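Presented below are the structures under discussion, each in the form of structure tokens.
In the two assemblies presented below, chain A is common to both, partnered first by chain B and then by chain C.
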Partner chain A sequence: MDFTIPDVNFISFAPEVILLLFATILLFVQSGSGRRGVCALLAFLALVSNILMTPFYWGKGIEGFGGLIIRDNFSIMCQTMIIVAVILVIVYSYQYLVFEEKNLGEYYTLLLTSVVGMNIMIASTNLMVIFMGMEILSMSLYVLVAFFKTVREGMEASIKYFLLGAFASAIFLLGISFFYGASGKTGLDAFVMFDATSKLTVPFFFVGISLIMVGLGFKIASVPFHMWAPDAYEGAPTSVASFLSVAPKIAGMAVIFRVGIEMSKYFPEVMLTIIAFMAVTSMIVGNFAAMRQSGLVRMLAYSGIAQVGYMMISLLAIPQGGGSALLFYLSIYVLMNMGAFGIAVLLSKKKDKRVQINDLKGLAGEHPVIAFTMAVFMLSLAGIPPTGGFFAKFYVFTHGIEAGYLWVVIIAVITTVASLYYYFRVIVFMYMTEEEAGILPKNIGINLFNFALIVAALLIIVLGVIPGSLLELAQQAVVF
Partner chain B sequence: MGFYHFLSLGIILFAIGVVGFVIRNNTIVLLLSVELMLNSVNLIFVAFSRYLYGTEGQIYVFIIMTIAAAEVAVGLAIVVSIYRLFGTLDISKIKLLKG
Partner chain C sequence: MIEQAVFWMLGAVMIVGALGVILLPNTINSVMLLLLSMLALAGIYVLMGAHVVALFQIIIYIGAVLVLFIYVIMLLNLKEQGLKLPMQTFTYIISGFSLGLLVVVVWLFWQSLWGTTFTGGAGNLKASATVHQLAVDLFSQHILIFELTSVLLLVAAIGAIIISKK
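Let's turn to the complex of A and B:
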């Protein structure tokens, strides 16, 4: 076995290096009054510089570290979604962390390092590298969830999230070891050399893939591995919860998609059975559990679990081009879920206060614009035209039917109808009740926060009316 | 002592870790169980690489050991804060969040 030094192509890794540089600088920002803006601005600069670099990478398929990092269009698109989500998180945090002056630099450092972890996860096809990225992401998030050290709910959420996350990564790792045992490689391209001459039997391989799917199922909070999600979201600082509900799901779905492409070429039935099971149970459990919730964040957590189920339908149709449906759904999901969590951040004034759905009572009377944006987010999550959520669901469902999974789509439609109940309850509370004065101050005026919410709502409507350009991008992104 | 001995030892250790994680309540013991699981995976990697393939698998062990150490560092920090706040490490007594 001859040893060659792999070609470390620095260009392929430049966005992560920039993020890490800014993360290091942020560690040196001392806490004190007036540093809130400095920290947020530095993190914002890092992310904007990353977004500005994407046109340069688009369509080139740059590889680095001897093929361990691949910047194809798919990874660029997923990374851009994550960066958009993190920019929204920074806007929320700037508003939300007013009462916490300590350790602000560390907060933004951890946000940036978790983005690095997700970028690595998305941009690799080697399971060991994916595992490294997953751990960088998870460890940053464990600490972020525990950011308010004195809030009991937050620490409880953190220990639960940490223990179950560590358990899941151990299972994921066992899956990698079985995969390695079956093929002698950890790259997903090991499927190519997989045939009857392989040293171990096929069952080994199937066990490996199943365990890997369990580990990823934890990260995207799909049923039956979802039990940490509602607790973690509710206990975490609300701005972190918004991040937690969007970004790791994008990264996890991207990895599942990459595994699914290879699997659908060689052993389609195994992968499809696992995905169909996870999709159906997620939709049923997520939607019906969300109905019983009185807390806004908890309701959104279960709704997120259901949304993962809808996304997974597109994975059933990978040979029929389900990847573009997945990317379209994810891009709309980033906007609508971040927006809905933004309202929760706006309503949570104290750090240990949980937002209830009742708190939304009479919001439309005093703050018509904010109520309107929340209504758009809810309608989009429910999948009502003319919002982007409708088109995303429609596109995913048509792909599911094309792939011959009519029964899954029928269940999805039924659960969508059921989900109207809890999404519309929020709208009814905002518009039909008048008595209680909202917990928001009378005049909040126009600030960055409102501006971000309005932009997100308008984007959702625009993408619902003219989805063509985004769809075209998504279709370009899944051509390998 | 052949390949299957080492493989079964690894799987049995992993199973012990899983059982410990499920039935115990002390947070420190849960952390130890996770560590046991990670290290049994190390053993499986070494067994595969020693008997079937090249040295690649033994290099993964170093990566996994590093990650395990980092994970314990984060975990113990959280555990210390938990003990300060709740005065107990029993995970079944820490249930402010319903569900």
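Let's turn to the complex of A and C:
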């Protein structure tokens, strides 16, 4: 009954504290003209300070709060990816979002708090802490999706996302209760209690894990929990949609990976069945639904669902070192998907209606550089050498075969070939249609936005030609 | 013996209440039955020796959540809402699927509970949920989760203001 002062170890939580500090400061930035730069700069500083801190954490495995927060290399790498994604979102928002110059501070506050939520999700193996992180993330996202509440679709998308998201959270929480009921613990280390032979309370445990997987499946928008994604992306401001399609997926995949490590030690077949089912259905549904879309954002949403399917193949091969393949894929995915959404942001700024794939017509003639970056992103998403996307897919597929899941990899290859259709359609529209007056102005000039796109495209090519260093980093990150 | 009897009675009240919530057409009646169900749940907590949790159940769920429910229903002025599902093949497929899922879950519980003495897991957690013990746990073992709750509330408050602001 005695009160023991908890072992807090503030260092382990410093990045989140800094983010929250900046988020609070941003709340006090008064709206008015000329505040765009101030807000964006503050948010940017918070994220950059977080990135600068990572070398000090790398390889140390700092723990805090009695093991509730674990900064191992895996979490550091995932968090860095998320921060890169959010920095790109800030660039998009700063340059190309039509702001009513209102609530600017809150917009960036919510971006930062969502990063805090994801950081916490990734850096913990305790399901209660993961749940809290997930809720902080979800709350921020619900509001961000509805940020332009003058747009009717924005409100509709947010309500849809909110209702389904609240439902998924409740299911996740129910899963934790079953997990706790069966083991008396909320940490993922509870698996140790179970021998494969002991039948007692194991069914409870399986129900718990299945429900937890449902909650996470919703966050990463994998089939059959993907229904919200296209509508939410389309209704949200495009810069938020780009964020939505990348960052929560990284956090969700990280948590699934942590659950998967423990599951593959004790009950491999249960986990593998769930993962294989989600991977195969995601690839099939995502790719074939993307073919029929005419809206650019919707197409990218379905392509994102398909990409999640490819990533999940690496989870089938956790004992064979699939974690490094997952991290490599995620790193490339951040760049290529954020880049592709960046083009959508660029077009949506100039157009009131939804961006159609047709709007890309003749882009190459007027804006060769932007068209080139878009072509790189599309080729990378399709998995064509020499882009990073090719190597990411290749690496994931080899791991899948190594783990003995040849049939899943065969389906993956078939769906990849099918996906060429809709990725190449974009390139064909840009390069091979007759010139007509595009919706972009003739001269965009060089700005931060173009610069970010070009850097992302070059990085994808560089990582496709020399993937060694990133791969090595990923391999270091999954050594626990 | 008397504990057993009380448990079964409370359980029956809970199940009847929960069924009433989904079966009655009038929403106010549904909420009232939800109240009954939650009171019975509070009773079960008392039976387990978790008096504080029972108190929370009454204060938070009955005192706050249900009042909000009633408030919203009165605000929306909901009339009798009959359950009208479109009777298509799709509806039947979904219903069949849900029933199948229910059967699987019940079967799983049956398998794990029947004929086994529940010693592992939550079974060995002795109820010592006094206010003092709760406070000690909250501020030592679960301090991180406690603090994160405040972040969550902050985000929710900001969100509510933004959404409702004209």
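Definition applied: the second predicted complex is superposed on the first by the 463 of 480 C-alpha atoms of A that agree within 3 Å, B and C clash if a C-alpha of one lies under 4 Å from a C-alpha of the other, contacts with A are read in each partner's own complex, and residues count from 1 in each chain.
The rule we apply is simple: a residue touches a chain if its C-beta (ideal position, glycine included) is under 8 Å from a C-beta of that chain, and two chains touch if they have at least 3 such contacts.
The structure displayed is predicted, hence computed values, not measured ones.
Undergrad: First (chain B), second (chain C), both or neither: which does A:G66 touch?
TA: Touch status of A:G66: second partner only.
Undergrad: One more residue to check, A:E156. First (chain B), second (chain C), both or neither?
TA: A:E156 contacts chain B only, not chain C.
Undergrad: Does the superposition put A:G404 against chain B (first), chain C (second), both, or neither?
TA: neither
Undergrad: Quick one: classify A:P368 as touching chain B (first), chain C (second), both or neither.
TA: Neither chain B nor chain C is touched by A:P368.
Undergrad: Between chain B (first) and chain C (second), which, if any, makes contact with A:G37: first, second, both or neither?
TA: neither
Undergrad: Regarding the shared-chain residue A:F167, is it in contact with chain B (first), chain C (second), both, or neither?
TA: After superposing on A, A:F167 lies in contact with chain B but is clear of chain C.
Undergrad: Looking at A:P224 after the superposition, I want to know if it touches chain B, chain C, both of them or none. Which is it: first, second, both, neither?
TA: neither
Undergrad: Quick one: is A:P385 in contact with chain B, with chain C, with both, or with neither? Answer first, second, both or neither.
TA: A:P385 sits against neither chain B nor chain C.
Undergrad: Does chain B (first) or chain C (second) touch A:A146, or do both, or does neither?
TA: both
Undergrad: Return the residues of chain A at which the contacts from chain B and from chain C coincide.
TA: 1, 128, 132, 135, 139, 142-143, 146, 149, 180-181, 184, 199-200
Undergrad: Under the stated contact criterion, what part of chain A meets chain C in this complex?
TA: Of all residues in chain A, those touching chain C are 1-6, 8, 13, 20, 27, 65-66, 68-69, 103, 106, 109-110, 113, 116, 120, 128-129, 132-133, 135-136, 139-140, 142-143, 146-147, 149, 180-184, 193, 199-204, 206-207.
Undergrad: Could you pull out which chain B residues touch chain A in their complex?
TA: 7, 14, 17, 21, 27, 30-31, 34, 37-38, 41, 44-45, 48-49, 52-54, 56-57, 60, 63-64, 67, 70-71, 74-75, 77-79, 81-82, 85-86, 91, 94-97, 99
Undergrad: Which residues of chain C touch chain A in the complex?
TA: 105, 108-109, 111-112, 116, 118-122, 124-125, 132-133, 136, 139-145, 148-149, 151-152, 154-156, 158-159, 161-163, 165
Undergrad: Please output the residues of chain A touching chain B within their complex, sorted ascending.
TA: 1, 128, 131-132, 135, 139, 142-143, 146, 149-150, 152-153, 155-160, 162-163, 166-167, 169-171, 173-174, 177-178, 180-181, 184, 186, 199-200, 227, 230-231, 234-235, 298
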